[in-house]
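Below are two complexes that have subunit A in common, paired first with subunit B and then with subunit C.
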Partner chain A sequence: MANATEPRVDARTGTATTGHEWDGIAELNTPLPRWWLWTFYLTIVWSIGYWIVYPAWPGVTGFTQGAFGWHARSAVVDDLKELQAIRGPGEAKLAAAKLDEIEKNPELLAFARASGGAAFANNCAPCHGAGAQGAVGYPNLNDDDWLWGGSLDDIQQTITHGARWDADKATRSSLMPAFGRDGILKADEIANVAQYVRSLSGLPNETNANLAKGKELFATNCAVCHGDDGKGKQEVGAPNLTDKIWLYGSDTASIVNRINVGGGGQMPAWGGRLDPTTIKALTVYVHSLGGGK
Partner chain B sequence: MDFRIDDRQAGEIDSPARSVSGPAADSDGPLYEARKQVYPQKIDGTFRRIKWAILIVTLGIYYALPFVRWDRGPGEPNQAVLVDLDHHRFYFFFIEIWPQEVYYLTGLMILAALTLFLMNALAGRVWCGYLCPQTVWTDLFLMIERLAEGDRRDRMRKDAGPWTLERVAEKTIKHALWLAIAWWTGGAWVLYFNDAPTLVRQLATFQAPAIAYIWIGILTFTTYTLAGFMREQVCVYMCPWPRIQAALTDENALNVTYRYDRGEPRMSAKKAKASRARNERAGDCVDCNQCVAVCPTGVDIRDGANMGCIQCGLCIDACDNVMRKLGRDERLIAYDTDVNIKRRLEGKQNVFKPVRVRTVLYTVLIVAIGGLMAGKLATRADAGLAVIHDRNPLFVTLSDGTIRNAYTVRFSNMASRDRAFTLSVQGLKGLQMEIVGETTQRHESEAAALGADQTREVRLLLFNGAGNAIPNSTPLTFSIADETGRTVATAKDFFRGP
Partner chain C sequence: MASSTQSSSLWHKHAIFEKNSIILVIGIIVAIAWGGLVEIVPLFYLKSTIEKVDGVRPYTPLELAGYNIYVREGCYLCHSQMIRPLRDEVERYGHYSLAAESMYDHPFQWGSKRNGPDLARVGGKYSDDWHRDHLRNPRAVVPASIMPSYPWLEKTPLDSTHIGDQMKTLSVVGVPYTQEMIDSAEADLKAQGAGDGKAATALVKRYPKTVVRDLTAEKDGLTELDALVAYLQHLGTQVDFKLYDDKANIR
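And now, the complex of A and B:
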């Protein structure tokens, strides 16, 4: 360290040093302007304003509330109110419009699709997938194959009351018997029916399959719901077995399994959980995905 | 403040003694430095006149431009330069920028930066000394200060003396004028964001939106503070450019330079005469300190290149006046280069090298980017088409085996008239399309009408018949044609299959 009384000036720059020196390297004293220091103090003073305006200091039983009653929760509530005010006119129009009018009005359609898309992501995507692409046992809502009907009214009915949802009296209900598990059909009979079902949509059969036997069994056991021609019945939610779309898979093992265990998927009734306008928006959204009838 | 780029100690003539900025008695020194008030003296000369001209032109443009009208047709704003935040448009005479074209602004900023670099490589801090708003407004405020309180000596004397009625009156006039200009500066600023004549009327009748008053307040405050009080402190402590400039400059760049090869050793005219009579060396600098007195940032140019020097050239004017009176050559302080000073000391001729690698590079980049922007602007489409394929699901198999892909399509009509577009797709034979909500039939192409200056988003479905075998990804070109059948915009995407 340098002698405290002796001023040190760096010869090369002409700047005084702080007197701090390490291994011959001296620290130049290039002072900051004083106003800079005052600006720093000013920021401290400014921060006092926050104590006054916002909730800040903890006390024994609570905390200081701030001069204007600002609260994180009420701020969110205000934001939601603001959002509601923005959406209000659109929602009112949607609530007033008839289902089949919505898609003809580009403005309403855009609103319903945006609103329905958000509701879909929140409520429907866990089962039907983010893009409504479905999964095994959960119908793809993009295609034109509908278990319970693909018209706007049908879709609205299904969303409102669900499927096989016992808590709702108006729910879509029907159950395929467990032909194998309950011993209604024997294993070899089920194999033949499965091969016959594959043949309905032109899928290749195993060489030892007895299609005639399968057809006979189909007529007595399955046709009551799936129809004589296997095209299904939407009144009872029986799928069309002649098309290219298979909810549980088209391979022999999957079909045999379905005949064995029967049953069908369940969907909650959304009528009690979502308001009618949201269900309307969801209906239009699902319908407009491309497969709506 | 004490940064230097040259190394004069090594030269034949030693550089002038440098002042010691630290205190003499206390080795710890103060951590914070009190502001040394600068009292720039009035000066007239070539550079001062250039600066006045630039001040009048730039401030004239700034204050008057919002009132310039430009007819764009019915329903469109007729203000030549307008930032329309409500409708997401920027108008500049014949140019109308949409939000998605903000890259023009990026290009403009790159051009501005390169121009700054080029100016610096050619003639130092031209921006700082002549063009920077901080310099221009400070000049204006200094002029008012001089009008109200007198020149350098008067102001120094008055500030050191007691408060008198006269002094209070002068200060009041000065601050009132400063505030008026500052308010006008903020007022002109908000006019760029709204129809100027309407807003002026609203402001005058106190019916303008609150945000206009808030912005006028903010700019009044910043102008008044920065030009009236902060002045050179902005350049020395706040602005990043002096630091960058110091790193970018080189020994061939023209800078406002004290020609110490000619000026040193300093001595009075009388002593110089005697010295020369004895055949001894005498410099031209008479140490009159006029260069320091006129300096708006309070530096001594004779200390060499300096962070505080904004290179406005006023010291050149001051020194020239003195040299003329003494009958000596002008331009003891001048735009000069380090290289030339060293060469003259070695008895060599001056060289000027404006064409250097960096100046050529900057010029090439400026021309290339400027050309690119001009080209883009000239060939800018007045219609837009954007297509996004559904991410999930990528394709949908319909009950009859048809493969369907869905897209979100956005049309933009950037012209100021209604138009009817026809959308079609190329790349896959037999594709049919349907716009959700628009039609229930599948067609080869679809019509889409669009109002003036509007965009519209639709959901588009493409169908590939069951018998039409396709690879799992086929590139497609979407295009829209206007009423005349001319293709006005295209977009690329894919058709996906299993």
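And now, the complex of A and C:
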């Protein structure tokens, strides 16, 4: 490695070399492009501006606060205030209106549906589906088949306190017994009840089914919640078994399994998570999906 | 852009570093030490960076076991646990995350990528059954989901033999597990999944606001899925934001 005292220039390219040479190969000392270099210097100058404007250097008891007192936590508070200024008037009207008045007032209804739709997509869609179509175990909200009632007040109550949500004292609660698991009914009895339940909505039965026995067992075990006619009771969240809408499936295996394990779906109580106005908007949104009573 | 080493200006003094490796090493150490001094050391003494928040407690043994599974399955690769103080995030996920809420996570699960939604406040947002259905096959409940299925979690018995050791280790790095908590780790873990009882009362006394579930009704013993669900249902539920003072840490 030669110690350069004179700048050496590579004959072929005309560029200065660093003076480092290995086996006759010299290292070119091509300068960085000017535009790149000045951009680099500019970023350094820019960072000094940042130190002045934003919180930056730590000290012994605190840190430099920045020239304008900007703080991430107060900035978001300001942003939310700005948002509230836009939404506030509409929300105030919504908060003041009674549930049934909202649906009669086109302007309020449009606001509630937009606000409720956004809240639904964020909070409800994972279980009830983006189009409120539901899934196995999660009710469809577009139809007029309601577990806990489809009036505005019922819907509001269900959203606020949830279903089988133990943390909320006012939650909708009832639990179908695990007839099979807990040994209340024997396997052949459950098979007969399942066949009878299928017959309630006109579904075909297996040829060896004893419907009379199934009916008898239904009357003594199931009718207290599902009703003598199997039409369900919304006070206890017992579904109507005579329609074509099935929460856990209508095939024999699904019905037998449900009788075996009992129970029921859980819905979180949204009262602690969402504010009352949002719940109101959600109530109107769900009610207006098609099945509202 | 030194094109010559002839100049003796300050600009060319770096040649000293480039030509003497020991001086270069010392220079590197000085530069890194300064960076550490400015960026890391203040975090240990500045009041605003070590905000104390009511309600934050260490994980129960079952939640800790769930946390381990969360880390093992790499959930953090697609889910963050960090609600930033930005309007759209606060609107969607709830109150922005506080440093204290992840102070007992080793390592923390803030994540940096959001293929899926943020999970910092997912606790209590959905039912246990939903989490089970969703982890078994996300498409069963969210048709458009791109999350992988984790069907083995409900089939794998939870190995809790080392949970006490892990708590002991965590206590060394500052998680306030007491000797009593460590000694009763396995009993607490089982109690949280076995519904009511004396053991559950003792558990809730040690870990306030713990949700105890009856998870063993239909099977023997707890599974990895049970632990993960207990962990997820706990996320973001420790601090009561009705009581938290938003302005406490704004100057």
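Note that the second predicted complex is superposed on the first by the 213 of 293 C-alpha atoms of A that agree within 3 Å, B and C clash if a C-alpha of one lies under 4 Å from a C-alpha of the other, contacts with A are read in each partner's own complex, and residues count from 1 in each chain.
Operating definition for what follows: a contact is a pair of C-beta atoms (placed from the backbone, for glycine too) under 8 Å apart; a residue touches a chain by one contact, two chains touch by 3 or more.
Since the model is a prediction, treat every value here as computed from it, not as a measurement.
Asks: Per the contact definition in the header, classify A:Phe63: touching subunit B only (first), subunit C only (second), both, or neither.
Replies: second
Asks: A:Leu37 contacts which: subunit B (first), subunit C (second), both, neither?
Replies: both
Asks: Answer with first, second, both or neither: which of subunit B and subunit C does A:Asp79 touch in the superposed model?
Replies: Only subunit C; A:Asp79 stays clear of subunit B.
Asks: Let me test your reading of the model: by the given contact rule, A:Asn29 touches which partner, first (subunit B), second (subunit C), both or neither?
Replies: After superposing on A, A:Asn29 lies in contact with both subunit B and subunit C.
Asks: Quick check for you: in the superposed arrangement, does A:Asp229 touch first (subunit B), second (subunit C), both or neither?
Replies: Neither: A:Asp229 stays clear of subunit B and subunit C.
Asks: Should A:Met267 be classified as contacting the first partner (subunit B), the second (subunit C), both, or neither?
Replies: second
Asks: With the two structures laid over each other on chain A, which partner does A:Ala16 touch: subunit B (first), subunit C (second), both, or neither?
Replies: Once the two structures are laid over each other on A, A:Ala16 reaches both partners.
Asks: First (subunit B), second (subunit C), both or neither: which does A:Ala130 touch?
Replies: Both partners, subunit B and subunit C.
Asks: Could you pull out which residues of subunit A sit against subunit B in one structure and against subunit C in the other?
Replies: 4-5, 7, 16, 19, 29, 31-32, 37, 129-130
Asks: Using the touch definition from the top, list the residues of subunit B that touch subunit A in their complex.
Replies: My answer: residues 1-2, 4, 9, 17-35, 230, 233, 237, 390-393, 396-401, 404, 406, 436-438, 456-459, 461.
Asks: For the complex, which residues does subunit C have touching subunit A?
Replies: Residues 1-6, 38, 41-42, 46-48, 85-87, 90-92, 94, 96, 124-130, 133-134, 140-144, 211, 217-218, 246, 249-251 of subunit C touch subunit A in their complex.
Asks: Which of the residues in subunit A come into contact with subunit C in the complex?
Replies: 4-5, 7, 16, 19, 29, 31-32, 37, 57-59, 61-63, 65, 71-77, 79-80, 83, 122-123, 125-127, 129-130, 135-138, 165, 167, 178, 181, 261, 265-268, 273
Asks: Would you mind writing out the residues of subunit A in touch with subunit B in their complex?
Replies: 2-9, 12-19, 29-37, 103-104, 106, 109-110, 113, 129-133, 140, 142-145, 240, 243-245, 288-291
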